[in-house]
Amino acid sequence: MNIQGQLNQEQIAWRAAQDIEDGAYVNLGIGFPEKVAAYTIEGREPIFHTENGVLGFGRAPEKGEEDWDLINAGKKAITLKPGAAFFDHATSFAMIRGGHLDVAILGALQVAENGDLANWRVGDKGVPAVGGAMDLVNGAKRVAVLTDHVTRDGKPKLVEACSFPLTGVGCVTRVYTSLAVIDVDIAHQRFVLVEKLPHLSMDDLQSVTGAKLHVEGGVGDLEVPELS
Amino acid sequence: MNKGFATTAEAVADILDGATVMIGGFGGSGAPIELIHALIDAGPKNLTVINNNAGNGHVGLAAMIEQGMVARLICSFPKSKDPKAFTDRYLAGEIELELVPQGTLAERIRAGGAGIPAFYTPTAYGTELGENKPTAEFDGKPYVQERWLKADFALVKAELGDPYGNLTYRLAARNFNPLMATAAATTIAQVSRLVPAGGIDPEAVVTPGIFVNRLVEVPNPQQEEVLNQAEARYP
Amino acid sequence: MNKGFATTAEAVADILDGATVMIGGFGGSGAPIELIHALIDAGPKNLTVINNNAGNGHVGLAAMIEQGMVARLICSFPKSKDPKAFTDRYLAGEIELELVPQGTLAERIRAGGAGIPAFYTPTAYGTELGENKPTAEFDGKPYVQERWLKADFALVKAELGDPYGNLTYRLAARNFNPLMATAAATTIAQVSRLVPAGGIDPEAVVTPGIFVNRLVEVPNPQQEEVLNQAEARYP
Amino acid sequence: MNIQGQLNQEQIAWRAAQDIEDGAYVNLGIGFPEKVAAYTIEGREPIFHTENGVLGFGRAPEKGEEDWDLINAGKKAITLKPGAAFFDHATSFAMIRGGHLDVAILGALQVAENGDLANWRVGDKGVPAVGGAMDLVNGAKRVAVLTDHVTRDGKPKLVEACSFPLTGVGCVTRVYTSLAVIDVDIAHQRFVLVEKLPHLSMDDLQSVTGAKLHVEGGVGDLEVPELS
């Protein structure tokens, strides 16, 4: 299926940013999820956490101004905001595992309708690496995923059961895709459609989704500004 | 972001009957006297209190106990120079005591804050404080399994605080305060000085603000030991 | 009391074949490059290394791996911008990998330093990294049991050090360093500046000296990231 | 038995101080064991630890100079030496439980020949209190006890098996008493006499000791200066 007008990564990140409350403590996964910070809503002040022991960091420094002792979990240089704090790795993961983070936003290979997430390994080949993902999905109060709705070769990423190795079981509560916003009703093991691109029919969306999309009440329009 | 409250009374107003409350300090060092006294004014009953001790004299935790607010106490050392408040009620069967070795108490609180539901320690193995707890052997040595401790509220005393809730502590007044700050659903800190954001060096922060929900500035806080030397009573 | 050593070479001279070595840092931030390079000069083989990563480029831990010194690596994320040193040896079956979720790695090291032989965590439950480990349910939720990690030596990078071994860290270079300092039989710290006793405010100490056995002053330490941008190699 | 020339507490503390190495990390129990610090050997610099989060403290301040935020585990005011450090209670007991302390010196109600210690509770009456004793005896590399050799009413405190509730099992390695220095050979569950007061016969000493005193090699003279 060739879908017109899919959201790009910037637009998916923008949509996820709309749901971040003022004062929320937020951990953004390496790469794509990091883009969410740039779309923080005016007047809201989320506080960003990074696994390697910083709360309250801000934008990347200008090129040439990097201090390589001041990086995020993606090993990119960062800057501090007033009110920042440093701490060791045990304290950093106490924040995560202890349920102190409000939101963790991660990428995904697959999300299942029971909330299972696979995002760290495709198969048995190559070098495996897990980082902090398994701690984040078990610790944050709200675990959200950003992802293209389907893989590059058109396979569904929202599935009945993950075929890739799991990162965590029953952990994802919301998925922001290039086509829709979908909640995971973990208790009833089902996807609930929250918003979809307005021009997309339910049938078209269902046809690229690997598990049944339920509807509760209405479905909103996923409306996002032009961004690139 | 501003976690500041105007008064200690407002900061503790929603601590209701039956709540579990961690109270920082080791004896009088680091004891949040003004928050405790505000809680006495509010007067909730049937509280479970977690503190290293059981109060001294007739102020602070001892006064809470005298007011009949504490149904259950989890502590390591319920003795002090003047332990009458606790001792009388304990011997009368009016207050339940869970005695926990001090290091196990600290680690159980830390575990509560860190999302570790249980851990093993050699402490208390083979003693009556280890009885009726699961045990296990690791590398040929026996250990006792201990569970995390969490609370509805923590009352802590800090030195500096900023609007984000970042805290520093004065001298040995640190003790249980940073641990308890992590292990309660709502952590309330009294700070001797509230500074603007950026007023605490990020490298000097002891308790990062994510663990703190409410701050009240209490300049020149009272010291339990000094109050007791003056034979003070509260209320 | 003076834990100071004159050179990095002397400080690492007794790390022999087969030792388990914790190396601080997260990527290049907090990586004790000069201690690692001194260890490469000494050249022990068959080491077990515990680090969050597996090196980057051809300096530091990556260079140790290239020199064939590392038989086993315990880490959470063996990938980097230039992971060739590890990747080649791993795919050739020349290096054993124990992959541990980052928070579990941190907590296992902390447990090693704190005398906690095992603890429970929700992390990795139901995944292949939780397989073959004991599990238990607490309050209706499943957890995996994890064991402590200890080492013969820890190599850490700090900012200030005093003759008692008290340490502070620079910015986010703190990361694993304070944990590893507690979990090794012998902890060796390189410090950017050695100050006299009293030169660190007791309230500002991050790693108390009891955890540190040896100190070497390395002014203006090298940064792995900067070395890699310059395409440096060691030796 | 009426024993002449028993050591007083100061003298027992003095003897224990002789065994503390330069640079040792030492925790002294509340009360009697605290006296050991005053007899530190000239030229040696042990570093004193207290459970409530201080390493490197020194003497008590002058009266009127107390800062009640700066106390030891006995809630007495202390002062700091250069190189001191503050830390929280979890870190303090990580030092203890993690085996970082070289020596813990405690008082005792009873010590058994298998190394068991009873020092926290006499019976079921009154208010029980344990503090940090159970952690100390399981954590320090060397656990020593200071005690009068017998109770006030003349009963042995060194026994075959403790009758009071235990503080720890197989933990005490040396006992400094008012009459002798005795090692506990935990592996073989026996007391080994190291030193005794010179004027005291082996029989006299054995008669006030509740378990057999073994001798390995020679027995030294317990010689201590006049102190009060």
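Labels A, B, C and D are assigned to the chains in the order they are written; within every chain, residues are numbered from 1.
Rule of thumb we're sticking to: contacts are C-beta pairs under 8 Å (C-beta built on N, C-alpha and C of every residue); 3 or more make two chains touch, one makes a residue touch a chain.
As the structure is a computational prediction, the values presented were derived from the model and not from experiment.
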{"item": "Comparison of C-D and B-D by number of C-beta pairs in contact, larger one", "value": "B-D"}
{"item": "Furthest chain, CA centroid comparison against chain D", "value": "A"}
{"item": "Interchain centroid distance [CA atoms averaged], chain C/chain D, Å", "value": "36"}
{"item": "Euclidean distance of C-alpha centroids - chain B vs chain D, Å", "value": "30"}
{"item": "Mean-CA-position distance for chain C and chain B (Å)", "value": "34"}
{"item": "Rounded Å distance between chain A and chain D, as computed from the means of their C-alpha atoms", "value": "56"}
{"item": "Sites on chain A at which at least two other chains make contact", "value": "54, 86-87, 90, 93, 96-97, 138-139"}
{"item": "Chain B: positions in contact with at least two other chains", "value": "107, 110, 114-116, 121-122, 169-171, 202-203"}
{"item": "Chain contact topology (line, ring, star, complete or other)", "value": "other"}
{"item": "Touch relationships between chains, expressed as pairs", "value": "A-B, A-C, B-C, B-D, C-D"}
{"item": "Chain C contact footprint on chain D (complex, rising order)", "value": "22-23, 25, 45, 47, 49, 55-56, 80-87, 90-91, 93-101, 138-139"}
{"item": "Touching residues on chain B, where the partner in the complex is chain D", "value": "26-30, 52, 76-81, 83, 86-87, 90-91, 97, 99-104, 106-107, 109-110, 121-129, 169-179, 206, 223-226"}
{"item": "For the chain C and chain B complex, residues of the former touching the latter", "value": "107, 111, 114-122, 136, 138-139, 141, 143, 147, 168-171, 202-204"}
{"item": "In the complex, chain A residues that touch chain C", "value": "50-54, 67-71, 73, 75, 86-90, 92-93, 96-97, 116, 126-135, 138-139, 165-169"}
{"item": "Contacting residues of chain B [partner chain A, same complex]", "value": "1, 110, 112-116, 162-164, 166, 182, 196-198, 200, 202-203, 205, 208-211"}
